[in-house]
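Naming follows writing order (A, B and C), and every chain is counted from residue 1.
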Amino acid sequence: MLTRTQKVIIYLTLSIAAFLMVFPFLWSIISSFKFAHEIMAIPPTFWPENFTLTNYYQVFNSQGSQFGNWYKNSLICSSLVTASVCFFSALAGYSLAKFEYPHKEKIFYTILSTMMVPMQMLIIPWYIMFTHLKLNDTLIGIMLPGLISAFGIFLLRQAFERIPNSLVEAARLDGASEFTIFRRIMFPLIKPSVAALGIITFVGNWDAFLWPMIITDSSHMKTLPVGLQAFAGQFGVEFHLIMAAANLVVIPSIIIFIVFQKHIIGSIASSGVKG
Amino acid sequence: MAKVTLKNIKKKYPKAENYTVDNFNLDIEDHEFMIFVGPSGCGKSTVLRMIAGLETITDGELMIGDKLVNNLPGAKRSIAMVFQNYALYPHMTVRQNMSFSLEMNGMDKDEIIKKVEAAALKLDLGDLLDRKPSEMSGGQCQRVAIGRAIVRDPKVFLMDEPLSNLDAKLRVKMRAEISKLHTALDTTTFIYVTHDQVEAMTMGTRIAVMHAGIIQQCDSPEVLYDSPINKFVAGFIGSPAMNFFDCVVKKEDNGIYLEMENCFKIKVPEDREEKIISYKEKHVWLGIRPQHIYPDDTKDIEVVPGNTLKAKAVVVEPLGSEKFVLFETKSGFEFTARFDPRVSVKKCDEFNLTFDLSLSHIFDSASELNITL
Amino acid sequence: MFKFLEDEKKQKMFWGYLFVFPAFLYFLCMNIWPMLYAFFLSFNDWNLLKVEKKFVFLQNYFEVFQDKVFLTSLYNTFAYAIIIVPLGLMIAIFLSVLVNSGIKHVGIFRFMFFIPVITSSIAAGYIWMWLYEPTFGLFNDILSIINIQLPFLKSTYSAKLSIAAVVIWKNLGFQIVILLTGLGAIPNSVYEAAEMDGVTGWRRFRYITLPLLRPTIIFLSVTGFMKVLQMFGEIYVMAPTGGPLDSTTSVVFHIQKTAFESYRLGYSSAMTFILFLIILGITIFQIKYLSGEKN
């Protein structure tokens, strides 16, 4: 058991660490309500002397800003990709876990091996392919490379393997068709793993930068991270605006996280994300 | 008509060297309670699963009623199965579990409700209908699994070691429940798989004893017990198991003897001499059940002088209603005897024992067939 | 239905193939085919602006190894990896053990550590860039109290470290959550046995906790290296020009520039392949070495 002193030291250390984790956001939020000149003042102020929302206003209404569109694009792309990944990974994972057919192992290892291929290798061919198919600057172009995930298949196959085969057999004897078995019995039973996969996929997609940047040209088609970067690039050193924009991207994530946190951390931790 | 006929059924897995089930022939009658029993790996579950349609039949014909069902999916064979681990759908309530198969077969919603309620009544599941499997005990889950099966009015009811996951007391209770169920469902044939010979003996009308994929003997419990066809069946049925003594047949002037070196030399009863005489000077197995071994001062049977052996008690198990004693001969051979509880036995006691040979069996050393039948 | 479906076994095989087919087809088109195409590309000199392709076999690869910027970026990337992964893991293990030591409020700490993980790395990158601003950023403001001013992103010495710090900060929470799961999987009975053997404190950590955590640590190390070797976003944001004297450029950063600003697709494909082989090699090396390691 821990002594009083030990407990105090531990709490102190952890509190300092936790503070270091979140202070950039705290500072960013506080400062975003200050006027530009106050932000860059030396010596710096803590609380805003003159509270203002002008930075945020400018973010939305400045030339070159398409914040609304960027949010919309990110939302559509991340949601659709997450749904697709969850569904097709479950389908493939189920097949690999509960069915027997020739070359099954080869198919699985082929899919698994794609996890080893770094995205950068594929970006150039993708760009060439998509340009041919005239998918530049489209939402489909943004989403296509992420629609199915090998990691997802791996994770959900593992989840399905933990379900006893007798459940599938009982369902077959009950007269259910194969797809009904998948839809009504197997898929519902791996909900926690699907939730974890969904969260990981959504967050990963929301933050995706390299590919969306390459495939989009027009400002209104960009996703949030790409738009933010282009927008900030336009404004050079105007940190008060860049920072307000960054906040607008970060705050919703934090709020969603606060609301769903038990779910999110629980799912990721408990779905057995081990190598 | 709910009879099941298996003709020359064989099963071989693609990567296996041998047949898991070889030339299985059995006619199961309408409304029988047929039990497949045998040690692990003997193929009993495989046969059951072939009847259920969960395994393909490599060779042979399977008929349910008079219909050839080899290529018919399990769901269409008018069968229902109870799995060892219940296989209840964890995310559904008992009611939904029981309704599922009926729903899959397109039954009308009102009909389904009626059937589920009727089955629940039969198995006393009324209070549990809205519970989920995780909220119930093993025994309750097992009853639900049975309920899920009978709600389909199957012709054949298959059970794959349904009681192995339950504790001893519950098992005894459920055995009676299942037997009562069999009586109640008078148009259904029961096929039951177990490795527990006590379960087999207490529940079945006929028992098929299996070993290495082959039926050794299929008969009623009494016949299996009294007239085992070979050493395997003799040693498998009955608890504690029959003792087997490796003896040599000796012909002497005044009769035929079975001699086990340094142990005993026992005179064979006259009515059996005829069957044994051809085994002169050959090895045979003498099979004696524990309850047919007595101390030589017993009043329960007629003691033939000379038909005794000396042994030392090594382990004594007083069970109240009887006493089991593990004996060891001078040459180190161990065997079990069942004594009346009033006989006083202590560890390391030396005893003179005698056998009731009229109830013994003698088996051919090579073929292991029962010579004395 | 089709005749062959009457055989139940074949029917199940059909469904098995059907369910896995979309995924398999997808990977064929989006992964395997592009990879082969990229491989083929790497042997060509193809500048998008010039239209025609010229087969040059291994010339691209030779050029890569003479490309000063590439070599610098390779050095930088390795430097990043060596700083970020071990250091980050050590901090994560340290904090995880503290959190797991039996205090209350575990949830709150875990929650706060995880916040950086779910925020956009681009947005966070800008926030940090502003913190690092030499003239009016928070860090130098605070440091001015003790009369120190650091150049952070503006100097070749400190630019890499500054970016590395951000990457460590961003991923700490994820590593801590995974480590906490690993720590949680160690049964209490193991600790109780250790206590009876008189093994406590640092020795308990070194001889019991750490070895039992090894699979988790290997997992985090392997995936950590894979991620850092492919670093791009943070650098693009905080050092868009490649940093002072290219000191922050990572390999992927250089690849992206060559492919989409200089439009030399064949050449950059060769670079991606070299990167792939490096990642593969390091991953295999890690799995072999770390699995056989004693400590």
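The rule is simple: contacts are C-beta pairs under 8 Å (C-beta built on N, C-alpha and C of every residue); 3 or more make two chains touch, one makes a residue touch a chain.
What you see is a predicted model; the values in this text were computed from it and never measured.
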item: Remaining chains grouped by touching, chain A not included; value: one piece
item: Most heavily contacting chain pair (counted by C-beta pairs in contact); value: A-C
item: Approximate Å spacing (C-alpha centroids) for the pair chain B, chain C; value: 60
item: Interchain centroid distance [CA atoms averaged], chain A/chain C, Å; value: 15
item: Chain B: positions in contact with at least two other chains; value: 53, 73
item: Overlap residues in chain C, where contacts from two or more other chains coincide; value: none
item: Residues of chain B that touch chain A when the two form their complex; value: 52-54, 73-76, 79-81, 83-85, 87, 89-91, 100-101, 104-105
item: Complex contact set, residues of chain C against chain A; value: 12-13, 15-20, 22-24, 26-27, 30-35, 37-38, 41, 95, 98-99, 101-103, 107-124, 126-131, 133, 135-136, 138, 141, 144, 169, 172-173, 177-178, 180-182, 215-216, 218-219, 222-223, 226, 229-230, 232-233, 236-237, 240, 252, 255-256, 259-260, 265, 268-269, 272-273, 275-276, 279-280, 283
item: Contact set on chain C toward chain B in their complex; value: 6-9, 11
item: Contacting residues of chain A [partner chain C, same complex]; value: 1-2, 7, 10-11, 13-14, 17-18, 20-22, 24-25, 27-28, 39-44, 88-89, 91-92, 94-96, 99-102, 104, 107, 110-111, 114, 116-129, 144-145, 147-148, 150, 153, 178-179, 182, 203, 206-207, 209-210, 214, 224-225, 228-229, 232-233, 239, 242-243, 245-247, 249-250, 253-254, 257, 261-262, 264-265, 268-270, 273-275
item: Parts of chain B lying in touch with chain C, wherever the complex brings them together; value: 53, 56, 71, 73
